[in-house]
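Labels run A, B, C, D and E following the written order; every chain starts at residue 1.
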Amino acid sequence: MNERIREILSWYESDNPGTKTNLARILNHGRLGGTGKLVILPVDQGFEHGPGRSFAPNPPGYNPLYHFELAIEAGCNAYAAPLGFIEAGAARYAGDIPLILKLNNHDVLLDEKDPTQAQTASARDALRLGCAAIGFTIYPGSAERFHMYERLRVLAEEAKSVGLAVVVWSYPRGSGLSKAGETAIDVTAYAAHIAAELGAHIIKVKLPSDHVEQPEAQKVYQKYQIPISTLADRVHHVVQSAFDGRRVVIFSGGAAKEDDEAVYNEIRAIRDGGGFGSIIGRNSFQRPRPAALKLLDTIMKIYAGEIQ
Amino acid sequence: MNERIREILSWYESDNPGTKTNLARILNHGRLGGTGKLVILPVDQGFEHGPGRSFAPNPPGYNPLYHFELAIEAGCNAYAAPLGFIEAGAARYAGDIPLILKLNNHDVLLDEKDPTQAQTASARDALRLGCAAIGFTIYPGSAERFHMYERLRVLAEEAKSVGLAVVVWSYPRGSGLSKAGETAIDVTAYAAHIAAELGAHIIKVKLPSDHVEQPEAQKVYQKYQIPISTLADRVHHVVQSAFDGRRVVIFSGGAAKEDDEAVYNEIRAIRDGGGFGSIIGRNSFQRPRPAALKLLDTIMKIYAGEIQ
Amino acid sequence: MNERIREILSWYESDNPGTKTNLARILNHGRLGGTGKLVILPVDQGFEHGPGRSFAPNPPGYNPLYHFELAIEAGCNAYAAPLGFIEAGAARYAGDIPLILKLNNHDVLLDEKDPTQAQTASARDALRLGCAAIGFTIYPGSAERFHMYERLRVLAEEAKSVGLAVVVWSYPRGSGLSKAGETAIDVTAYAAHIAAELGAHIIKVKLPSDHVEQPEAQKVYQKYQIPISTLADRVHHVVQSAFDGRRVVIFSGGAAKEDDEAVYNEIRAIRDGGGFGSIIGRNSFQRPRPAALKLLDTIMKIYAGEIQ
Amino acid sequence: MNERIREILSWYESDNPGTKTNLARILNHGRLGGTGKLVILPVDQGFEHGPGRSFAPNPPGYNPLYHFELAIEAGCNAYAAPLGFIEAGAARYAGDIPLILKLNNHDVLLDEKDPTQAQTASARDALRLGCAAIGFTIYPGSAERFHMYERLRVLAEEAKSVGLAVVVWSYPRGSGLSKAGETAIDVTAYAAHIAAELGAHIIKVKLPSDHVEQPEAQKVYQKYQIPISTLADRVHHVVQSAFDGRRVVIFSGGAAKEDDEAVYNEIRAIRDGGGFGSIIGRNSFQRPRPAALKLLDTIMKIYAGEIQ
Amino acid sequence: MNERIREILSWYESDNPGTKTNLARILNHGRLGGTGKLVILPVDQGFEHGPGRSFAPNPPGYNPLYHFELAIEAGCNAYAAPLGFIEAGAARYAGDIPLILKLNNHDVLLDEKDPTQAQTASARDALRLGCAAIGFTIYPGSAERFHMYERLRVLAEEAKSVGLAVVVWSYPRGSGLSKAGETAIDVTAYAAHIAAELGAHIIKVKLPSDHVEQPEAQKVYQKYQIPISTLADRVHHVVQSAFDGRRVVIFSGGAAKEDDEAVYNEIRAIRDGGGFGSIIGRNSFQRPRPAALKLLDTIMKIYAGEIQ
């Protein structure tokens, strides 16, 4: 274990050696292994948006094996997916890449004002499938959020006790927020902090805008002149809000973009703001395989400092 | 075990030998045993629609033993029913046909906007009654769907741990969908994918129409020109949406039809689209026994390729 | 065990010897023991309607011991009551009559559109009190029905595993039904079928009227000309709907009647329609003891075929 | 054990020797020990109404030790209170007086149409604190009543299994009743009966008025001319409704009264109607200690037959 | 252990030696150790108000280690925080200061009429992290309050059984109260009493105003002339309401104040009214470290009687 990884693990001093081992597996795996940076491939869009919307742009993606292979070939740190997708390849690719089992999921077959998610797998499933971590989504801002925090609490306590790591997708949504508020800088920072307080080891948030949603927060942001004008500033503030940089915070890629350079600019801002990496789904698996590999390669080079 | 069955079982590589054995029992049983195709007899309409509506057309059907005998004589791969019906004959016909215990049911004594089902049996019941699989219905599109996914999760985890297979009826319904949307191609494909992600081994859906329900899906279906004009096209898309054909997807027969040829045409479309078979209730047990046997025989011949 | 009892028990072939023994205890006890017919005394009206309304007509009934003695002296097959009443006499009359512990109850201190019941005792209570069976009420047609089916499922699974029999009161009520629909023939048949599918050994329903509640059912009843004009016809249809006569279905006596002959006519219709007997509460315990004994004696003679 | 206590215990023939022992401890303790009459001191008003309203009239009552001492010095049969008050003195006064741990409580910080209570202690707490019984309040007439009956069921089953007695406060309230209905004679009798059916050993109700709340009950009370004109009549009817006098029914003292004679008249009516005693809170602990001791002494003398 | 601490522990005579040991650890730790007075540092504002609003005024506070160090250096009796913050430093500072793990938390991403909190950690977490106590917030006055009392009950029972102490934040809020009522003297006293009855060892309330919220309380406060005009009077009444001073009641500092003297005046009132100390969050960690240390030092001197 190199010094940087040893330093990162030192932030998780309350965890048992099993969990530290699984965090190390993720941090040391793939092209970015040992750098302290991460790129994770997540594929839960089939469940979240439907199979046609997710896989028609690149039909090999209907096959769950495709994503294992993409993540392995690209040299990602980990592959994250719901139960069915993980069950479909966990034995075939055993040991080839750290797996993150998403324990809850949402579909868009009903439009809710205050969305929640369904628990669709268990920590025990993660163990039997050889995963390194559980993944769990919370929706701060939803009237259902406390139920989600509580479910996460139970699952995280169990996961930690059996040596798994805990990855939390913290996505503000629901009747407590305006549409712009879902990616507001104050709300994103708050969402990262809540995930950290709930005991997450790795936190995934969306890239924040410079909108400030809450009037009480706005007063403080102005009074103390918190810098939020550039994306790198905002990444910095989010990372700071997750225990002053002592928790691994990564950022999602969002909807597929046609312009690769736009993606790279976001990566540079994450890097410059002190973010720990990216979780990139649609921008990778919805591209043809060669294009996806090229994109991921460039992203990793930016994170590794091999290119600007 | 022949090669085709071995191939199908290879898709379920995360399952224990007990579950693989029960899947093999179903796939190798009856007239279609070893072909990779299935015809299953389900009789839960007494609970779902009432006994008069279900059995008056062919009164021997009031007797639960009748359905065991019909399924056995017709050479079905399995017989599926609720607790009471299975309890009534499980000992008498022990070993004669693989049984699927339906673990939840719905009645029509109250009209709900967002329907759910009641759990009416357990995985433990399935074990004590010698069943090969549990059956469970979900209603994607209902406000109650997440509760159903979660209940399925718990039961499927238990079932898999004790070597049972999991059969999921995925029937879109509820306030998230229009009436036409319940059988829309995008919704049916989505429903099949959700069942697969939830860990189902065998998935049952209704035959889809060429209606596309969700505007976001419609854009993608048009942009990528997903073929949905023929029934075989649509069967193909649904099968593709269930892990690119790596999950067994079968189709329900729907309400009893007077015209046998209409039934056969649906079977041909399922076969041509790459579907794995049918689950045929009312079209079999509501016909007089000889007519039901003749219908099922012809269906199986079409699936077996013995006739066109 | 005589042939008729052996035949009835053969319908419950999935049950363990413990449950079969308790069914046999009920079927072989009292004046109708061995005939395959049953008369059961239920006394839960104190809870259901209040003590004054229930026992003022015959004040000795305030005392729980009275009902044990009445059931024993009349030669009933079993005595059914809630926890308190059973606890009050179970030791004193241990072994004198099979007991059915009612596990749920309802009171009339609040008028609900969609009623449910409270669980007031457990299968474990039934064991410690020496009972032969648990009793449980469901309200098909209520928005609460699925919760009731699910509670019954859990209790019935436990009861069967410890050798108890399961008696289900299936009483349609709630916002899914009109007042007339609560005793409609299609609804009563449906209610009996649901209880059978839920795994009941003995099913109690109300005597049905010739009203058909559900339009979809009405079409079928007319098309197939299901006979429902006489009370015996309707009893026959209900019994047929409970697995073609392979489940024991008994009928309740309803409110106390002044005219004994009206009671006897109902008994004759139950007998002629193939019903298995009666559960008679208010018509027995609200009469003075000698009158109650005379009434029950005549009823049993009708069932036994000793008189017309 | 004298004959009267032996007789009372014979009514609880289903209970184990542990529970009978604890009932005997209560019945044999204090000035009324062995008479079959009881006076219990309950102090849960701090929780139910607030500390100022409860203890300002006699400030030593803020101290939980005061109530232990008052109950002991007055010679009460038992002292009943919530968790905190019992924890505060259970060790110091161990063995000095039987304790009843109130397992649920309500506060008046929010006005509900259909009140419930919060469970605030457990049967296990009662064991570790050396209590003789658990206490539990139900609100028949509230839309929450079934949840309360069910919670009581679980706690009572556990309590009985570990040898504790069960004391039920049955206080009709909620949207099913008018204000007058809360103490109506029919409702009070019904509430006592429900508590008895739920398995209570000792039942506490309020003194009933001569109002009859329910129209269906009114018909019966008139037809059968149930005597309810005097308070003793009504006490008699309530006791009769609790298994014809085979359950211990005691009556609450209600709000503090300035006129001692008014209190004594109620005691005489309870005695004359066959009630088993009183549970007197505010009328004792809100008086200065000497006045409280004098009042309780007189009450006990009336019950003991030493004075009229 | 000195006499004062021995006296305080004598109030908790029902607790096991494990819990007494943890109470003693808190009472004997830091600058006020052994005086019977306490100053606790709580840092849950990141979760409760958001990270920017909480830590921007003094940015080192983003780092969870900062608060451990501040509490240790200031000589506080204990440090209280949610799971993530405690996990971040519990190993590094093991044994340096007693820890209180906050088991539930609330955020302000949605405005509720009747707020509740989410359980975010467990008693088992407290054990594995070496904590001396669990912390739990209740909202008397909220429609959710009974759920909170019940959750506390379960957690407190577990905590006590494993030797942990129980600290309850009792903060009146919700639809049962006016805004002024949240800090009304009658309501604050009631909130302290409820926490005591629920079994809390240490109770934290806000400093009360002289408003009396409840009309029924107002009558009593006037009739018995309960002194509430000075802050010290009100502190006295609150302490009296928590078992006449036999439970440790501490008071929160509220929002950050610019004027140190205003803080000291509150401390003097707490001291003069017989309060046991303070729990001071924003007023300490939102000041620069030297200013915070000076403020805490002065506060402790006031409590210790070293200065006026």
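Observations on the model:
Just so we're on the same page, a residue touches a chain if its C-beta (ideal position, glycine included) is under 8 Å from a C-beta of that chain, and two chains touch if they have at least 3 such contacts.
These numbers come from a predicted model, not from an experiment.
Where subunit C touches subunit D, the two copies mostly use different residue numbers: shared numbers make up under half of all numbers in play. Centres computed as Cα averages put subunit C at a distance of 58 Å from subunit E.
Rounded to whole angstrom units, the spacing between the C-alpha centres of subunit D and subunit E is 36. Multi-chain contact residues, meaning those touching two or more other chains, do not occur anywhere in subunit D. If touching chains are joined by edges, the resulting network of the protein chains shown is one closed cycle, each chain touching exactly two neighbours. Residues of subunit B that touch subunit C in their complex: 46-47, 49-53, 56-57, 59, 62-64, 82-92, 105, 107-112, 116-122, 124-125, 128-129.
Here subunit E touches subunit D in the complex through residues 11-15, 140-143, 145-147, 149-150, 153, 157, 172, 174-177, 186-187, 189-190, 192-194, 196-200, 214, 216-217, 220-221, 223-224, 226, 237, 240-241, 243-244, 246-247, going by the rule given at the top.
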